[in-house]
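When the chains are written out, they are named A, B, C and D in that same order, and each has its own residue count from 1.
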Amino acid sequence: MNRRRAGRILTAVLIAALAVPLMYGMVQLPAPGHADAPAHTNVSAGYIERGAELGGSENLVTGVLLNFRALDTFGEVLVIFTAWLAVAAVAGTASNAERDPVPPSPVVDYVIRLLGPFIAIFALFVIVNGHVLPGGGFQGGVLLGAMLILLSLVMDAETVARAVSARSWIWLRATGVLVFAMVAVMGLPLAGYLFGLPDEPGLRQVLTVALELGIGIGGGAVLAGLFFAIAGADRS
Amino acid sequence: MIDAAHALLVCFLVIAGAAFFFIGTLGLLRFPDFYTRIHAVTKCDALGAGLVLLGLAIWRGPDGEGVRILALIALLLISSPTAGHALARAAFRTGLKPWTRNDGERDGEIPGDASERD
Amino acid sequence: MTGSVTAKYREMRVNATDLFDLVLLALLLTCAIGIARLKDLAACAILFSAYSFILCLVWAHRGAPDVAMTEAAVGAGITTVLFLVVISRVGRREK
Amino acid sequence: MNEWSLIPLFWGTLIFLLINAFACLWRGLAGPTLPDRILAANVIGTKTMVVLVLLGLAREQGIWLDVALVYGLLSFTVTLVAGRLLETGRLKGAWKQ
């Protein structure tokens, strides 16, 4: 009991001792958004000036993600695909194997079937406009995944299996990785280095949108696949 | 003159929406059990958000942003009641007992507390 | 004399932006500490989605709509759904 | 002129809504049953969505409306999935509060 109390006091003292220098540092930071802050005077000025031209997209974030740091983004796409592979290896890929005892509410059923196409259209809008507006592949992909999860709440497994076979699901989930790898290799002849985008603006735009679409469809299918794999796993 | 009327209308709509939000919050905090709370909250939220967004859409006029706000209103008016319905149905099916007048007379006990099925 | 007093008063008056920041931070802190003290994992997951919604407001306010959208989509939406479905498999109680 | 004069109203409304969300958070943290907490999170989601729209219009950032649409769709998804998991009895658990 006494040792526990001493440990608590020690923790509090340590946290306080850590907090003092951190607060001291916080006070000396420049105000957020201040023009003279080091973050805004050194490298980011160059990005803001020439990023839209070099990166090939109006939205600088997308340009940085898909061009300057393409290898990093490729790693992210690989990570979520690997996550699905791991979950599927542990939990199996059977989706909604047992029928739920409670039928879904007819209201929810109707509304989800009504909203589904609109969610899909909005997701495509977010994906395709990723180089102009906020958003892009991942965000639109999450919307697609949310739509698939919502549909899986009201549809039975047989209908889904008839629409998309298990083999096509795997290919859909690999779309992101495959498209990204293809564009990366295409950089070799077109731009001279891996992950390079060509200089010609039209072709570059097409490749950017293709990348976003690949990430979006692959990401959505992977997220929905995670949900199906965990929800449909045997409870043993 | 039209501008003043326009501004007054937007003002009225936004303040009315905020008032509905406040009533919904009061209901969420003060009502005795889940069903009465969801009754207060879903109505007041849909109405409050709808009125505020309608005021903003009128303020923007029919440009791209106004149309997006209208889409948001449509989404809200469809999704908010559906979510409330699904939640209330789920609670009822899992055996959450509604509050009755007798429950209030036992002092110091929150009615929803004892009724969650194990 | 009076002019300087009113100028000082204007300086002291809390800016709407600052007030907004303060309320947001108070909300975030309350939410985080409350989640840390809860023992019911499903409730933690649900409140974590509320936390993400508030955090998304912070990102938007700081001028990063891309991050805000990611936070709303991934942090508040998909992560909560995955948490909930995992909790439905492994049990709700914190060990 | 007219547009300029309404901005303070927007700021006031959004701070008022945030304080309301604070009150709802109390229900989320204290609420005796899980449906109460889901309801509180749903309400906080709606309020913050309206706050985001107001903030975007007050700061003339119309593109934030897309973020608000994503908000609305995903808070809807979370509520429906949580409700369905509750309904099918998978989220029950021998646990009160």
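In this section, a contact is a pair of C-beta atoms (placed from the backbone, for glycine too) under 8 Å apart; a residue touches a chain by one contact, two chains touch by 3 or more.
No experiment lies behind these values; they were computed from the predicted model shown.
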Exercise for the section: Return the chain pair with more inter-chain C-beta contacts, choosing between A-B and B-D. Expected result: B-D
Problem - Distance between the centres, which are taken as Cα means, of chain B and chain A, whole angstrom - result: 31
Problem - Geometric centre distance via CA averages, chain D-chain B, whole Å - result: 10
Exercise for the section: Would you kindly tell me how far, in whole Å, the mean C-alpha position of chain D lies from that of chain A? Expected result: 22
Completion exercise
So, in whole Å, the Cα centroid of chain A is separated from that of chain C by 21
Exercise for the section: Hunt down the residues of chain A that sit against at least two other chains at once, touch-wise. Expected result: 102, 108, 126, 134-135, 139, 142-143, 146, 149
Problem - Multi-partner residues of chain C (at least 2 other chains) - result: 65, 68-69, 73, 77-78, 81, 85, 88-89
Completion exercise
The positions of chain B in contact with two or more other chains are 75, 79, 82, 86, 89, 93
Practice task
Go through the chains and record each pair that touches.
Solution key: A-B, A-C, A-D, B-D, C-D
Handout entry: chain A to chain B touching residues, read off their complex
Key = 102, 105, 107-108, 111, 114-115
Problem - Partner chain B, residues of chain D touching it in the complex - result: 1-3, 5-6, 9-10, 13, 16-17, 20, 23-24, 26-27, 32-36, 38-40, 42-43, 46-47, 49-50, 53-54, 57, 62, 65-66, 68-69, 72-73, 75-76, 79-80, 82-84, 86-87, 89, 92, 94-97
Practice task
In the complex, go through chain C and note every residue touching chain D.
Solution key: 16, 19-20, 23-24, 26-27, 30-31, 34, 38-40, 42-43, 46-47, 49-50, 53-54, 56-57, 60-61, 65, 68-69, 72-73, 76-78, 80-81, 84-85, 87-89, 91-93
Exercise for the section: Would you mind writing out the residues of chain D in touch with chain C in their complex? Expected result: 8, 11-12, 14-15, 18-19, 21-22, 25, 28-29, 34, 37-38, 40-41, 44-45, 48-49, 51-52, 55-56, 61, 63-64, 66-67, 70-71, 73-75, 77-78, 81-82, 85, 90-95, 97
Fill in the blank from the handout: Touching chain C in the complex, chain A uses residues 32-33, 59, 61-62, 126, 134-136, 138-139, 142-143, 145-146, 149, 223, 226-227, 230-231, 233, 235
